[in-house]
Amino acid sequence: MTPVLDLVGIFVFALSGALQGVRKRLDVVGIAVLAFFTAVGGGIVRDLFIGVQPAALRDTAYLLVPVVATVIAFFWHPQVERAMPAVLVFDAAGLGLFCAVGTAKALHYGLAPMHAVFLGVCTAVGGGVIRDVLSGEKPTLLYDRELYAVPAMLGSTVMVALHALDVRGFVATLSSAVLAFAFRILAVRFRWRAPLAKGVGKAR
Amino acid sequence: MTPVLDLVGIFVFALSGALQGVRKRLDVVGIAVLAFFTAVGGGIVRDLFIGVQPAALRDTAYLLVPVVATVIAFFWHPQVERAMPAVLVFDAAGLGLFCAVGTAKALHYGLAPMHAVFLGVCTAVGGGVIRDVLSGEKPTLLYDRELYAVPAMLGSTVMVALHALDVRGFVATLSSAVLAFAFRILAVRFRWRAPLAKGVGKAR
Amino acid sequence: MTPVLDLVGIFVFALSGALQGVRKRLDVVGIAVLAFFTAVGGGIVRDLFIGVQPAALRDTAYLLVPVVATVIAFFWHPQVERAMPAVLVFDAAGLGLFCAVGTAKALHYGLAPMHAVFLGVCTAVGGGVIRDVLSGEKPTLLYDRELYAVPAMLGSTVMVALHALDVRGFVATLSSAVLAFAFRILAVRFRWRAPLAKGVGKAR
């Protein structure tokens, strides 16, 4: 059984992918592809790196939830766009949850702490990067200066620390996820920005 | 031994990749890279998702056939372009074959029906998506409204249904492939189109 | 232990990725992502194709070295840019080393000679392709006509030939790497170019 929280994360990410598809005037196939890979692309990358079959290919919900998100975005995108501030909050929740769950899975398979953090961040941000590459855009993660990978890194690091202290399972996941979520919300609220290198002209 | 039909599919896909490389004025290395990944990229994605070593790395023909396609496109691209209507028919044949073969492989490795359909479609359309991403373009699959993934989905679904009815092997593969092929040809002939979401302005 | 030579190759590739990130005005997260995937992306692709867990997830140095390169490029990119001719030489050294090491690993896992050459070239050039795709650019490998994949192919082929003659280990790696390196340096020095197909108009 896929836990409910996990499905919520997947649904929100799928919705954000499907919405980007609608905005870029993709057809229904393209919308579904973006919905799917935004939602589970990060987890697929994590699982390929760990060396296990991607969870998305073991659980029917991972295919069905993106389909539901596609249908919703296809028919009711104006309503969803109006609800975007709420979507942003859910997206932050998904970010927190995915970094915690991804780190836990990496630790479970015996990866070293630093690599577990790396895979936790990959799980949380990988889907968005794949979404942007598939839409023919430079991934926003790399240049938009929003703190997005950084909260994921915080959550993953806390997860690894709790694991080292033998705090595991639901408590560890929830604490790490909530911390990453809170950091992300604060970063959006106060417009914290990732630094740029100094002394560079316009982008080439 | 790679069956002859499989090689025909690979050759046609490789040729379409190589031609795109020529049109975009890639050098000979770029033409070969596009030929290779267009032809076997979908199968590589399928095999990585299943968790087996990609067939392309077990069989010499999978490397040699794209090289042949590269040479042909490099020296005789005007002639090949003139034969494009024929190439379209072969491409539809490749699409049918790849979705059937990909689904069969996924079922063979014990994946659930819905995931087998998903992997069949990946096998059939994945190479074209990789080709477009590597050429620095938005994948045509996502926006051009042609029915391309949909015939593959039909073929894969039929394959799964036949498998459930214990119809397997050559008969199942050929029936599924022919159905997907026929649907694809009809879709091209009658200009069937995948729907767009309503009420969206110009692409952003 | 990661051999020193390997780390030098990773450092140089990471630096080239980080510099591209600085030039394209990515934020610090984007610079680090490019540094990492430029350095180890080719090896990751090779390992996924072989079917083993990517070496980058087993060795802490593979994560730390790109971080160091990120810091250097972030703060001292003007100095590094001025040292670019030297970087070109190091990059050629990395190219030689990576194709030799990649081929050796593929042979070690029992791949056929032609596939080992293919994976050696993937190891050497894959990171740069991923770097360009992630920066939202057409991979320079595919169109800039520089001989880059070709020296890697030479090095990998020599490695396979030496392996067949039972020359292995350090001697084989170094000979293959030096040959690829020398070919690359000569290609840069004398502006050798990969051919374009004839009779094609402007890029579409």
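Residue numbering begins at 1 within each chain, and the chains themselves are lettered A, B and C in the order written.
Definition applied: contacts are C-beta pairs under 8 Å (C-beta built on N, C-alpha and C of every residue); 3 or more make two chains touch, one makes a residue touch a chain.
Here is each chain with its UniProt name: A, B, C = Trimeric intracellular cation channel family protein.
Keep in mind it's a predicted model, so treat the numbers as computed, not measured.
Report the topology of the inter-chain touch graph, choosing from line, ring, star, complete and other.
complete
Could you work out the angle of the rotation that brings the CA atoms of chain B onto the matching CA atoms of chain C, rounded to the nearest 5 degrees?
120
Which whole number of Å gives the spacing of the CA centres of chain A and chain B?
The separation of the two C-alpha centroids amounts to 29 Å.
Provide the list of chain A residues touching at least two other chains, using ranges where the numbers run on.
48, 133
Under the definition above, what is the set of chain A residues touching chain B in their complex?
21-31, 33-34, 44, 48, 52-54, 57-58, 60, 63, 73-75, 77-78, 133-136
Tell me, which parts of chain C touch chain B in their complex?
48-51, 111-112, 114-115, 118-119, 129, 133, 137-139, 141-145, 148-150, 193-197, 199-200, 202-204
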